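Take a look at the following structure, please.
Going by the order they are written in, the chains are A, B, C and D; count residues from 1 in each one.
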Amino acid sequence: METRRLKVGLLGAGRIGKVHGNHVARFIPEAELVWVVDVDEAAARALAAQCGVAKVGTDPGAVLADPEVDAVLICTSTDTHARLIEEAAAAGKHIFCEKPIAHDLESIDRALAAVEKAGVALQIGFNRRFDANFSRVRRAIASGEIAAPRLMHIVSRDPGPPPIEYVRRSGGIFFDMTIHDFDMARYLMGCEVEEVFAYGAVRVDPAIGEAGDLDTALIVLKFANGAIGTIDNCREAVYGYDQRVEVLGSNGAISVENNYPNTATISNGKTIHRDLPLNFFMDRYTESFRVELESFVRAVLSGTPPEVTGHDGRMAVVVGMAAKQSVAEGKSVKIDSGF
Amino acid sequence: METRRLKVGLLGAGRIGKVHGNHVARFIPEAELVWVVDVDEAAARALAAQCGVAKVGTDPGAVLADPEVDAVLICTSTDTHARLIEEAAAAGKHIFCEKPIAHDLESIDRALAAVEKAGVALQIGFNRRFDANFSRVRRAIASGEIAAPRLMHIVSRDPGPPPIEYVRRSGGIFFDMTIHDFDMARYLMGCEVEEVFAYGAVRVDPAIGEAGDLDTALIVLKFANGAIGTIDNCREAVYGYDQRVEVLGSNGAISVENNYPNTATISNGKTIHRDLPLNFFMDRYTESFRVELESFVRAVLSGTPPEVTGHDGRMAVVVGMAAKQSVAEGKSVKIDSGF
Amino acid sequence: METRRLKVGLLGAGRIGKVHGNHVARFIPEAELVWVVDVDEAAARALAAQCGVAKVGTDPGAVLADPEVDAVLICTSTDTHARLIEEAAAAGKHIFCEKPIAHDLESIDRALAAVEKAGVALQIGFNRRFDANFSRVRRAIASGEIAAPRLMHIVSRDPGPPPIEYVRRSGGIFFDMTIHDFDMARYLMGCEVEEVFAYGAVRVDPAIGEAGDLDTALIVLKFANGAIGTIDNCREAVYGYDQRVEVLGSNGAISVENNYPNTATISNGKTIHRDLPLNFFMDRYTESFRVELESFVRAVLSGTPPEVTGHDGRMAVVVGMAAKQSVAEGKSVKIDSGF
Amino acid sequence: METRRLKVGLLGAGRIGKVHGNHVARFIPEAELVWVVDVDEAAARALAAQCGVAKVGTDPGAVLADPEVDAVLICTSTDTHARLIEEAAAAGKHIFCEKPIAHDLESIDRALAAVEKAGVALQIGFNRRFDANFSRVRRAIASGEIAAPRLMHIVSRDPGPPPIEYVRRSGGIFFDMTIHDFDMARYLMGCEVEEVFAYGAVRVDPAIGEAGDLDTALIVLKFANGAIGTIDNCREAVYGYDQRVEVLGSNGAISVENNYPNTATISNGKTIHRDLPLNFFMDRYTESFRVELESFVRAVLSGTPPEVTGHDGRMAVVVGMAAKQSVAEGKSVKIDSGF
């Protein structure tokens, strides 16, 4: 049986581009990686060689102009996402784009309008939705296993803070870190966030505060389904990457723990202990990166809507804006037509 | 060696009075139960018989007038606490009083002033401070084991809601339920709460909302030590009494789980499961009720300050008032000289 | 309502006698401690004073001759158990006796015959049957929750070896330590052990081997119900007292873990750890010691058979003998009429 | 940089052959799959197409005669292993061979002699040594983390029994199932098994007993390092594939648990539960199959000895023979020059 394979062009051969490129090239039989482009030509060439890809370059335009290409993976720097979405949509290519789409709603809305007009598929890279733990929680809610949600907690802490230059450019903790959790909250609950309150603190490194950002935060959310919940963020947890969720429903509760390199328990004369959890997102979320691309490829090939939409990409940014405003004003902020 | 034993009079032979009376009579060699008083004379007589106590009655005044009595345990209804504290202090008796002292600060302040003037000991019945799990968390913070606290979560859910008449009289969820958690938050952090924000919801029973109360709540706290934290309350968790805490510090984290009737894990063709946790405070906190009275008896006999002070009793009420105000105003409320 | 209380005499005021004496005196309203006897008169007096008991002495005969006494608790040294059972039975007293009854079957059989003839109740002190974890496992088997048992593992390790003089007099590891596990195996399975094989080793202290004993052992058992199982013993586990069981049945499995002083999990930059388990039998089995005496008192008062019989006491010794023989011969030993 | 890649021929395109073929073709950059051979030509063609391999056939001889081939993976039926090892060795090819090498020592010894004579590398497919859990246990022993081993337990249970025809041909439970555990025991302890005793039972399906085999077994082992241990096998565990190990050492203990599809804990009004463990070896040991081939490829390319030797393959069979003899004789069997 001969099946059509999706021809994919990769824009951006950095850390996450390498992950996606390898996944398409090795693990997804329904797709074929046909282009690798990066501003750093050597990086593009190296990845292309590793993946057995013939077409290499530095110009995204060449990919978009290539009639062989069905879809592009936008893995470039954030400031180029919205523009590349617009151009790819105009070229009739399906689009997988890393989050966030942009930091301003104007750019996002223009990009989404272009996608809508072109009738192409757009999927945003909220990979955690495809993680086995979090999708199990979603299933418990969606299937009614725990009935109506009442309370939710997301704990999301990094092993250590990023370089201070990154903090300066990233748009702040709500946009470089919590954005994943805002999406997780909406995904798990299956509805919109209606109201946000946030406390922020600088507890890890005063330099982060001096750069105008927070390194520790508690965000409280009211959902359209009547539930309430929190997100707990810290830029440093000495024991490693801490990624957990729990939800209380009217007929039960579900919680997920961290993932570990092994299941060993070691006992000695002092403690009963285990090794530290998997140490940061490339190890922790390896599987989810592969599954999200499978999902994208299948959605495009079957003509069904992607599992993570442009609207999802937009709303995570909107909730982040509301959280930022709440910290500034010390008040709960409603998410309404103002956003 | 002959040691002096503390002669104790019990005021109130209801559910919690029975617990305290039995503890003094059976488990605390340094104390002796000499009086049992209750408005229901039969209840007083039954408990006195069970504990081998000779003096029984319905009038607290008789206990306070008895020169044999060193200390009283106030286990009567909440509306009598403040007045009985004042009278016991005036009579020169040491006092153990169940929480809350009162629902208004005027009564509390008058009672605390009376205690101060009389120079007697006053301990408030925040028994959870004496629980092995929570005291382990406190130790981790006080000893520097996890270094400077950054984030804290308290989960405190009841197995089911109280009768609706109780809800009408109790002063609301923040005063009948969260009051324990407000004290826990202060106890664990070892400092005051400076600011409070709260979201409330009615998710369990509309009748609770009609009675003007909440049954589900998220309270966010800012502490004087710079940490931030949440309290998660629900009047119903179908799996039982849920009492957990976790704290992230700059050099580690600590979390405590629920207590269970056994450690069994059962596997069948469908799940890997365990039995439900211990089902409500009389089972879950049995040990802590005993230890808190030991602590009180020892404090009085040794002349050292009680481990839970009148100020602790007052501040839990103050934080509750701030939380109530926050829900009403949708704003963060600072706890300052206004309280 | 006036209920008859069981008048109990305590023979032996050593470590375990103190535990039982206090339980009867304080926690079991249906019983009354009326005598304390010990070869060390001061020890007897001290315990009697602590428990409010008037009759004190050094002669068990005085207790057995006292018509007020309904039952005796034999907590003396092992070599006196069988004889005291015979004498107490002859005096018409109900008997609770610490294990083992004796190290030789002749003494045991004579004692059991005396009990049978006198028609008194005899309960052997296999307290672990009354532990919440192990009784949960028994319930899973007895109720059919895991259906037909196939495989069983008992892990039973001490925190450290006893003094070498104790090892010399104790009859060896199978009689001073494994005897509890032999009873546990029979209790959990609800049937007899039919065949035994054992490997022994000296891995903790060569002095134990020089004293003719083992400090590490693996015993394999065949049960009358067709299941097979192991007992794992070591006289030293540096992390503390290790008491676990697991059973595989045709429709599921059940396992129980150790008990801990708290449920805290502490994370730091090196490990995720918890505190060591409860550290030896007085802490670990506190509750079971109380429950076994309640069981005895109720059995006697209601005229129902004790939950742990003289036959149970005998069979644990028999299995121990077979295990000893297996180590000597390197062969599986059948338990039949030869024992 | 141009590195030499190991050219690999695959003999056998069945279940395990597919796994190894895909691993070489996709995940191990240092190797290249150049041949696929199977008695079922269609199966060989399908796998070759999937892996992009040009040379396909039904005759292993063609692979052995191909000078391009550096190494072969023997994934054919067990009865052909020893002969193919001999032929591959004679052809100067390095060899990775699935376990067991054979069921009789003559064939094994002839194969190992051929390998020795030819000076090629031979690695046996004991993939579990490369599992993250078990290698963590090995590390704890090898590094001295728990000091001198005293007691070991291996639990190894299948989710359900194989077809009865498989049981008839497999050589029995000790050779088709326990053989992995015999190797695991030797691997973890880092020394030889010196003595074996085994109890067997038919508890799952009488048809297995009628076929002359066991479905439930307890094997006890004495190791050259003085430790003792058990292996617990059952051909059916209704909750799924159960693969655990624990080791007690003189300075600590280590245990590993099963692997699960997610870390979720679900609570409802009846239990606190989690989903069943990963359901059989292809899911449970996915990673280890990949890592063992990486290990083989690296060993050959670097000229270092394989991590699992022909001697390892032989000894697992020897211990199985001793266990079988022990069941037949009811005696402990020493493993000496007789094997």
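One rule holds in what follows: a contact is a pair of C-beta atoms (placed from the backbone, for glycine too) under 8 Å apart; a residue touches a chain by one contact, two chains touch by 3 or more.
This one's a predicted model, so the numbers in the text were calculated from it and none came from an experiment.
Visitor: So which chain is farthest from chain C, going by the mean of the CA atoms in each chain?
Guide: Here the answer is chain A, farthest from chain C.
Visitor: Taking contacts as defined above, which has more of them, A-C or A-B?
Guide: A-B
Visitor: With chain centres taken as the means of their Cα atoms, state the distance from chain B to chain C in Å.
Guide: 39
Visitor: Round to the nearest whole Å and give the separation of the Cα centres of chain A and chain C.
Guide: The answer is 58 Å.
Visitor: Based only on mean CA positions, could you tell me how far chain A sits from chain B in angstrom?
Guide: 43
Visitor: Please set out, as single numbers or ranges, the residues of chain B touching at least two other chains.
Guide: In chain B, residues 237-239, 251-253, 267-269, 275 touch at least two other chains, as defined above.
Visitor: With touch defined as at the start, can you tell me which chain C residues reach chain A in the complex?
Guide: Within the complex, chain C touches chain A at residues 237-239, 267-277.
Visitor: Quick check: in the complex, which residue numbers of chain C touch chain B?
Guide: 26-27, 132-133, 136-137, 140, 145-146, 251-259, 261-269, 275
Visitor: What part of chain D is in contact with chain C in the complex they form?
Guide: Residues in contact with chain C: 148, 150-151, 153, 155, 157, 195, 197, 199, 201, 203-204, 216-218, 220, 222, 226-230, 232, 234, 236-239, 242, 248, 250-253, 330-332.
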